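Alright, structures below, take your time with them.
In what follows, chain A forms one complex with chain B and a second complex with chain C.
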Partner chain A sequence: MTDMTYTIALMGNPNTGKSTLFNVLTGLRQHTGNWPGKTVTHAEGECRHRGTLYRIVDLPGTYSLYSNSADEEVARDFLLFQRPDVTVVVVDATALERNLNLALQVLEMTDRVIIAINLMDEAKKRGILINTKKLATRLGVPVVPISARNREGIDALLDTVDAMAHGRINTNPLSIRYSPEIERGIAKLLPLVKEVMGDTYPARWIALRLLDGDTSLLQALKQPPQPLIKEGNAYACCGSIKSI
Partner chain B sequence: MPAADPSNRFDRLMTEAKSLAPDNVREQIVAAIFQTSAELYRECVTHTNSVKRDRTEQIDRIVTSKRWGFPIMLALLAAVLYVTIAGANVFSDSLARLFGTIETYLTMAFQAIHAPDWLHGLIVLGLYRGTAWVVSVMLPPMAIFFPVFALLENYGYLPRVAFNMDRLFKKAGAHGKQSLTMAMGFGCNAAAIMSTRIIESPRERMLAILTNNFVPCNGRWPTLILLSSLFMAAGYTGGWKTFVTAGVVVAMVLFGIIVTLTVSWVLSKTALRGIPTHYTLELPPYRRPKIMDTIIRATLDKSLYVLKRAVTVAAPAGILTWVLGNLHVGDTTVLAYLADWLDPFAKALGLDGYILMAFILGLPANEIVVPILLMGYLSAGALTEVDGLHSLKRILLDHGWTWLTALNMMLFSLLHYPCGTTLVNIYKETKSAKWTFVAFALPTAIAIAVTFTTAQLARWSGLI
Partner chain C sequence: MAQGKRCRLSDMKPGDRFRIEKVDVPDPMLKRRLLDLGFVPGGEVKVGQRSPLGDPTAYRVCGTTIALRKEESDYIYGEKISHD
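Now for the complex of A and B:
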């Protein structure tokens, strides 16, 4: 399967060292690309690990996936419509609690997630100890401690990406328990969502977004953007379009 | 995906979702997520050396605390203003003397080449004297205030201000980010209007736009500082005088913030009804700024920018004012005629005709209100050479100023319509002539109402 390319999305709050990780992964061979119809630019690059070629996409840093701003919509739409093979959520070890908010939201959208805890060196310096094993168990997805600027943990991260991309990791993502009112609403909407959207999209998440009155999401779902085909590496998409 | 008329099915889904959603759905969702994060954090993270806690967190615990957040904010603002006023007094007088000397030489030069009187009047008494007043009165406070403020900003304090204000804005039914755009407004309202783009909800964005000019911008700080130092601390001497002066300006800023919150609250209950949305505000770590760099940059970028704007607009305005002041209709000048015409209304607001005219002619830029006022007064006969703050106060006293005049001019400056540039930006951002008009009329109405009330109260209670 040497002609198979997997798409890896990098997500995270602003200032978590996402771009540092991106540069470490891709070397200096990255080029920036514009998604159709959006003005926000993303860095995109390639990375080869154990014979597999990966397309790495650096999404804009966001705090949430609610349709609050153009950046958040771009990140959300990428997860929803481009369906990366693996989504790496980069979190800041020194501000884990705040960063987990986004990670939890990503877990609602896709189960192919790896949490990369960056800035571990900084956390160690400040005496912050993170039980990554326990966190992985609780979140139900792999958690890899790294330090992007010192290039620590990058191999372990890539091995995990490799395993997940090739389907060797089973995940069981943590599902947030909402208030009884909201859970009742989700339960009622779920069959309707599945009827209208089919199994293509994460139904529970969509039901939740609809309850929140997210009309921009509905607009996006009505007219899903064309799958991205970039000149020169059109092959990159073919690998990523497959049903979950 | 089912093909049959998908958009209809989508709409039905949305209607269904709306009927199922509880009122505070977003709050419940956010609360559940935050709670889960907090649980995970408690279970998986331990701090080994709790003594050596992060410095930024330590500082933030104090400066954003409920008890100390606001006192510290006010104290810092007062300190910045104290330094500004104390420093500006010294600087201003010597600068004025320098301009006075230059004027003497200029007049001698005009006499030497036998220039006609009207030319000397236009160039020296109109253009030069007007410009010299602007520079000597406005440059010193700006040259101190902006760099000190910029140091505070670069150290990372402004986001903390926004954080403290956030609670209040939410209570007023506005978006917490409005505190950020308001902080921008302390620099320049026109720029702050652009910055309201960070607020996504159109309703909350409109609130931020309509209330932005209630905080003093670069163009109005000098007016507030100047009038406060001339009139508000007359009974005090030495350090106390400066302290009281700074206190009055702080009170003005507070009053502006109170008006901002009140207007936001009233609007969010009436014309712009709705509930505030949630957001996360990142508090960047404190960084020691490059001190010299910041000072030089603030001086060059801000002080000179504002001064340049003031001079370029004030110079033509100086000529216009001089012409109006020397063009006679019957036995009175056009300027005096206009000022007289405005006088009854202005007096009701505790101002006078010249002040109101200065505000009207000053629409293009707030920086030129004081210069135009001075030119108006000077052209009306009281030919005063540029001679520092003391003679400035004498000019104002000669024209019947009292502390009430100064107070109401400060209030009017704080509350009145935004400058021309800001109005243009409001139109560009809202694409609505109606809302732009509201952004003009609402502050003006408030300015008139407030100054009218203080004037009547002061007269009624016999303070004046």
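Now for the complex of A and C:
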């Protein structure tokens, strides 16, 4: 037993097996409810690995963090205000192109990211080969191949989570360069954002959102969401409707 | 590259394959949404079935089927590549 509990957020597109992974990790030790003030299901559970206790939060499946649906706001706000120790982005091995959109958006917000490539068994069946080492080098964060429904790669994933939570992994997330015009805007806003927000928030990302005219983000920054109140327990079968 | 003529995704028939050239939406939120769903310039779309009432239509893009209404697919411009 250690006294530290680390918070791990699970993110990913819909239908990537994120909730399957969540159920594999937490088993029956999970609670569900709604996010405060939103009709978006919230599921969180516990997982113990090599003596460390992890609080796992299953965020809603989204394609993006910018289109401002309730689901996306929940996921974005959690990353921004709760600042999980590690964010695991679950991507579908059979649709990487689509899935990496969200992964890149998350990399702009935090450097404590692990990419879990799920459905590796399905990809193999379809003859899709993924060079995870090269992907990890290009993205600048660990990439772990898994197959949640067959419980493959889970230990390797948890070992990586463990190493990142304890600060044993240094990441260098891919930073997207935008057009000169946008980069000039970012450079202009960056010192102002830092002055107002301090170092708590990802300044470059906030500058980008401001340039995009993201009013929903401004709203959230003015009034950060209240901390989560647990709303009773549920069995695993109710925890995630889509479990396997 | 049969026809080089630019047309709208909404003009395509089931079975057509279409290459996106431009996503030109007046509403920035809708544009963002379409891009996030995989309707990006250079991307290929396969037109699936149309609902019995003619709208919406299913499109296969980036390995997933997404249904769009005509008022959305109207804003996606490009060219027809072929018909299967």
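By definition in this document, the second predicted complex is superposed on the first by the 222 of 244 C-alpha atoms of A that agree within 3 Å, B and C clash if a C-alpha of one lies under 4 Å from a C-alpha of the other, contacts with A are read in each partner's own complex, and residues count from 1 in each chain.
The rule is short, and it goes like this: a residue touches a chain if its C-beta (ideal position, glycine included) is under 8 Å from a C-beta of that chain, and two chains touch if they have at least 3 such contacts.
Quantities reported herein were computed from a predicted structural model and do not represent experimental measurements.
Once chain A is used to superpose the two complexes, chain B occupies space that clashes with chain C. Judged by the touch definition given at the top, the superposed model places A:200 against chain B, while chain C stays out of reach. Contact with chain B, but none with chain C, is seen for A:134 once the two complexes are overlaid on the shared chain.
With both complexes superposed, B is the one of chain B and chain C in contact with more chain A residues. Of the candidate stretches 8-16, 116-124 or 278-286 in chain B, only 278-286 runs into chain C once the two complexes are overlaid on chain A.
With the contact threshold set out at the top, residues 63-64, 66, 68, 94, 97-98, 101, 213 of chain A are in contact with chain B in one structure and with chain C in the other. Listed in rising order, the residues of chain A touching chain C in the complex are 63-64, 66-68, 92, 94-95, 97-98, 101, 213. Those residues of chain B whose C-beta lies close enough to touch chain A in the complex are 1-2, 6-7, 9-10, 13-14, 16-18, 20-22, 25-26, 28-29, 31-34, 36-38, 40-41, 43-50, 52-54, 198, 200, 277, 279-280, 282, 284.
Within the complex formed with chain B, the residues of chain A that make contact are 13-15, 63-64, 66, 68-69, 94, 96-98, 100-101, 104-105, 126-132, 134-135, 138-139, 174, 176-179, 181-182, 184-185, 188-189, 192-193, 195-198, 200, 207-208, 210-213, 215, 218, 221-222. The residues of chain C lying in touch with chain A in their complex are 28-29, 32-33, 36-38, 62-64.
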